[in-house]
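The two complexes that follow have subunit A in common; it is paired with subunit B in the first and with subunit C in the second.
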Partner chain A sequence: MESVKHINKRAVASMGILALLIVLSFFISLNMGYIRIAPIDVIKVFIGAGTEENQLVLFDFRLPRMVIALLIGAGLAVSGAILQGVAQNGLADPGILGINAGAGLAVVLFIFFVQGTSSGLGMLSIFVMPLAALAGGMLAASLIYALAWKKGVTPVRLILVGIGINAAFGAALIIFQLKMNPRDFMQATIWLSGSIWATNWKFVVAMLPWIIILIPYTFYKARYLNVLSLGDHTAVGLGAAVEKERRILLLTAVALAGSCVAMGGGIAFLGLVAPHLARRIVGPKHEMLLPSTALMGALLLLVSDTIARNILSPSEIPVGLVVSALGAPYFIYLLIKTN
Partner chain B sequence: MNRKVKSAIILNLLLCVILLVSACSTSSNTSTASDNASTSETTETTQPTERILEDAMGNEVEIPANPQSIIASYLEDHLVALGVKPAAQWSIADGTSVQNYLQDSLNEIPTIPSDLPFEAVMSFSPDLILMDTAGMVEGDKYEQYSKIAPTYVVASDEDNDWRKKLLRIGEVLNKSDEAKEVLENYDLKAKEAKEQLEQEIGTKPVAILWVTAKSIYVPNVNLSSGAVLYGDLGLTAPQAIQEVSETGTANWNALSLEKLAEMEAEYVFIVNGKGVTKDELLQDPVWAGIPAVKNGRVYEYDKQASWLYTGAIANLQMIDNVMESILK
Partner chain C sequence: MIKKASEMQQENSTTEEQKQERVASRPLVATLILFAGVAALFFGLGASISLGAANIDFKTVWEGIFQFNPDLTSHQIIQELRLPRALAASLVGACLAVSGAIMQGMTRNPLASPSIMGITAGSAFMVAIAFAYFPGTSHVGLMIWSFAGAGIAACIVFAIGILSKGGLTPVKLALAGTAVGALLSSFSSAIAIHYDVAQDISFWYAGGVAGVKWVSIQLLLPIAAFGLIMAFTIARSITVLSLGDDVAKGLGQRTAHVKVLGIIVVLLLTGAAVSVAGTVGFIGLVIPHITRFLVGMDYRWIIPCSSILGALILVLADLGARMINPPFETPVGAITAMIGVPFFLYLARRERRGL
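Moving on to the complex of A and B:
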């Protein structure tokens, strides 16, 4: 008992530090950008005494984007943590399993067929887009689940089939993209590599319910993830309805990843790296792991986006590229270590 | 080099924003400058008033009476034609690549990235933003831009007609008469050139070939430089280019090497984006059968010339290029 208590204390302290880092990065990020705004002017804007121009930059350009970064970061990270728990494999991630690709394909199809490019995105499409992404992600997940089924689903089959599905959806995306005109192609490419620069408050509003409902729900399901991680035999022995819980958890992961992809495009590696980093700090217990994963993901994406916004300023690079640049080396390190 | 060319072309299809240069870029100075300008305007000429115009997306846009700092996305050609200096000019590759053919008029103008990040746009304190097509403001960006300044979308994505764009920009900038004059002068010059060319070369086929590292492209006969040479100047396109135009609806479409080898062109204009000299290029035996190559009637223009662009200025430069090449 004593040691459990000790670990929990450490975990809570770590989460406190993570939260603190987020707040810190938040204020640093708020200050950084092509238009220089001194910290004192930032404070002025927040107490309502700033210039109109600064107010526009902070409230309409920087803040919504940073909030979206936090939400997407948390969503993708938790989605990855669930998948890693369900698949009992540290290499699972919505990007690698093809869920992002499925959601991405659905969104690209939605943008170019349903909505067309000639009109601006209406309020309705912003709210429908996560649903389209969810449908695409669900399609990918159902395919993975169905194809991996052989009198039940084994985690290894889940991963291998997922990688195959990812390749298939990626190919479908390319076929579709080749049929686009060059400008649409560019747009789709930028979007698919993960870009959140055109964000405004509407996107935040559309995104918020998904995150607010789904992430606490996964916290509630944490104990099932603990049991599932022990392996199917043990889990069944402990009385868990393994297949049922696995399906519910998969669905939650897909919904989280889908809504994130709808808003931010295919941001790879975040769902992989964040749970691993969190696990290093707080250990494998999902009650602690999931919240710290959420914090870690939010922090990573916020920092990545700040880099994406500023490194080539005033030009911007898609945030997904920054995450990949940071995430890929870690992924390779992980592969080497696993062997 | 070639990658730059390629992305330049893709980005050609994207829109870019031109910012009008104001004396100073800080907002306080700019507003002082425009105050002064409008005050003096009242005494000198009839004061233009603020108008509300409907743009290509159906937005009601409040156009300021006398915009001082205009960002006009990839529309520099039209602005230069109307004698208006933008506040900033389109660029890619971190400001290193601009529209070279306009630099006589734009060389002092600062650059802005072609994807128009909000804060970069805002740093020029524009009082009017012109967007080339609706695609530039997709995904609700229109709303964000219009918070910076009134934002007018010039054309829908399908609309590729430079004359219409010029006239519309003329209307927005209160320079409709100037825009019409630009068109009249252009048509006049094109007509003269056409008559001279008719006498000189008749219906001998003339090819435009854009040579890049990997492929050779020809224009659609109704678009881009195709519209100028085969439309305005009445030149005859070789069979291969006519065939490609029937299916290829892009400005430029790839041409197979077989078609190139059989091309019956008497005159060839090469837009060279390959990074080798014309002589090196023509050593490739695939070119040997083309009549123009045999007779030394191959004219080379750099990809930085106006051939890959469209607009009154770009087209006039193309006409000059054609005349100086064929009639010399």
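Moving on to the complex of A and C:
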């Protein structure tokens, strides 16, 4: 008992530190950008005494983007944690359910067929593209679930069918991508690498309900994840309605990742790495793991997006690339250091 | 107790029934696959040489190979274009399938494939550098860059495995491979986007064996042959290792040696294949599953059979890449997926535990 208490204390402390880091990076990120705004001016804007230009930059461009980054980071990370628990496989991430491949194909098809034909769609496509991505991701995920269904879904079959469908979507994607003109190709590549282009409060409003409903719901389901990750036999033995819980959890993971991919493109690696990092800090119990995974994901994506905005300013690099470049070395360090 | 411990260790869910299934092997089916596969492969090679923008009948194909007459155009097409291409396809297919089989045997993870070792990403990284900073590098030059990249990535992954506290566990290796792969591919994407060479690189990688010349074969053949022979020699040890680290150690195997050898084989085979044909996905992942389903769990059969099946599938896929939409080439990776996905899904659904 003593040790359990100790771990929990440690977990809560780590989450506190993560939250502090998020607040800290939030304020640093507010200052940084193409137009640098000194901390004192940021405070001035918040109390309503800033210049109009600063107010515009902060409220209309920087803040919505940062909020979106936090939401996407938390969503992808929790989705990855759910999938690793449900699939009982440490290599699982939202990509395994076909969400990235499905959304990617939908976006590539959209750029290829719709955007290529008329340039007047500019404004419309900003709002249609996330919907296309969401639809594609959902379609791929339901296809995988349907094909893996055979009087229930086992984790192994789910992973295998996921591999197959991902390969099929990937193949279709490369066929269309290679037929694109260079400008569209570049746009598709940047989207597929993961890039937060939704710098608008409307997107925040569209995204918020998914995250603030689904993530707490996942916390509520944490003990089922604990049981499911022990394996089907044990889970049945412990009296869990395995199939039902698995379906609910998978659906939650798909909805989370789908909404994130719609806003942020194919950000790879975050859903894989954030749960692993969190697990190293707070251990495998999902009651602690899920909240710290959410914090870890939000922190990682906020920092990555700040770097992506600034490192080659005034041009941006896709945030997904920064996530990998930041997350991978730390992940490797953890791999080397821990048993 | 040992059984329990080993079960706890592995990440994928292997049940008791699966354990018993593992032991079974089907030598008869395997022998049949070897013979029928070799026959089909020869037929496929013949078809691949004979069919194309200009169809050449089998008699001319035979003459073109064995009684080469440099004055005939058809003989020149056979010798300079079709033959190297067909041979490269079969070699690359065999290499990818075998390295995938070894990866899956060693890591005991159905998700493991050559690309998970970071090898493909390493190769893409160096090719991106070549495209961005040394434009105009020749095809053979790109091959060498690519192979170097594959080697560097594999060395990094391997070093991480060795340096880490718990030693070289399969799970760790797979995770390290994924991490290094993600890191390197983020660099190569950044380079590709910044220098606006993304599409060139994609074309190179999707190109398959289309532009293969004899000089590429000369580079590929010794590496591939060496790697395949090594793979056949360690097949028995891979079978033991695929029962799990604890079991393998209990049976007296020096698991570290086998793993080092296995990784070297995977590096040689995948590096050679990627540098010649770019990223032909799916073969390294799926052919081993299909082979395991057909011949059972013994890698002494899985490795030779998957080399034949891999070669056969890629030769046919390459033929399809030329024939579907002539004169344009369809990316060969898309064809392998189109052939492989339905069959793979069928197996995944049908078999409860064979995969």
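Definition applied: the second predicted complex is superposed on the first by the 271 of 339 C-alpha atoms of A that agree within 3 Å, B and C clash if a C-alpha of one lies under 4 Å from a C-alpha of the other, contacts with A are read in each partner's own complex, and residues count from 1 in each chain.
FYI, a contact is a pair of C-beta atoms (placed from the backbone, for glycine too) under 8 Å apart; a residue touches a chain by one contact, two chains touch by 3 or more.
Predicted, not measured: the structure shown is a model, and the values here were computed from it.
Peer 1: On the A-aligned overlay, A:Ala148 touches which partner chain: subunit B = first, subunit C = second, or both, or neither?
Peer 2: In the superposition, A:Ala148 touches subunit C alone.
Peer 1: Comparing subunit C with subunit B, which touches more residues belonging to subunit A?
Peer 2: The partner that reaches more residues of subunit A in the superposed model: C.
Peer 1: Can A:Ile35 be said to touch subunit B (first), subunit C (second), both, or neither?
Peer 2: Only subunit B; A:Ile35 stays clear of subunit C.
Peer 1: A:Val303 in the overlay: touching subunit B, subunit C, both, or neither? Say first, second, both or neither.
Peer 2: Once the two structures are laid over each other on A, A:Val303 reaches no partner at all.
Peer 1: Output check: A:Leu76 vs subunit B and subunit C. Expected answer is one of first, second, both, neither. What do you get?
Peer 2: A:Leu76 contacts neither subunit B nor subunit C.
Peer 1: Pick one for A:Lys202: touches subunit B only (first), subunit C only (second), both, or neither.
Peer 2: In the superposed model, A:Lys202 contacts subunit B only, not subunit C.
Peer 1: Tell me which partner A:Met138 touches in the superposition: subunit B (first), subunit C (second), both or neither.
Peer 2: In the superposition, A:Met138 contacts neither subunit B nor subunit C.
Peer 1: So, A:Leu91: does it touch subunit B (first), subunit C (second), both, or neither?
Peer 2: It touches subunit C, and subunit B stays clear.
Peer 1: Based on the superposed arrangement, let me know which partner A:Leu18 touches: subunit B (first), subunit C (second), both, or neither?
Peer 2: After superposing on A, A:Leu18 lies clear of both subunit B and subunit C.
Peer 1: In the overlay, answer first, second, both or neither for which of subunit B and subunit C A:Leu312 touches.
Peer 2: A:Leu312 contacts both subunit B and subunit C.
Peer 1: Once the two structures are superposed, pull the subunit A residues common to the subunit B and subunit C interfaces.
Peer 2: In the superposed arrangement, which is not itself an observed complex, subunit A uses residues 182, 185-186, 312 for both subunit B and subunit C.
Peer 1: Residues of subunit A touching subunit C in their complex?
Peer 2: 88-91, 96, 147-148, 150, 154-157, 159-161, 163-165, 167-168, 170-172, 174-175, 177-178, 182, 185-186, 189-190, 193, 231-233, 268-269, 272-273, 276, 312, 317-318, 320-325, 327-329, 331-332, 335-339
Peer 1: Which of the residues in subunit A come into contact with subunit B in the complex?
Peer 2: Per the stated touch rule, the residues are 33-35, 53, 56-57, 60-61, 117-121, 126, 181-187, 197-198, 200, 202-203, 312, 314-316.
Peer 1: If you look only at subunit B, which of its residues touch subunit A in the complex?
Peer 2: So the residues of subunit B in touch with subunit A come to 9-11, 13-14, 27, 57, 94, 112-113, 115, 117-120, 122-123, 125, 134-135, 137-144, 147-148, 156-158, 250.
Peer 1: Going by the contact rule set out above, which residues of subunit C touch subunit A in the complex?
Peer 2: Residue positions touching the partner: 11-13, 15, 109-111, 116, 160, 163-166, 171-172, 174-176, 178-180, 182-183, 185-187, 189-190, 192-194, 196, 198-199, 202-203, 206, 281-282, 285-286, 289, 330-331, 333-338, 340-341, 344-345, 348-349, 355.
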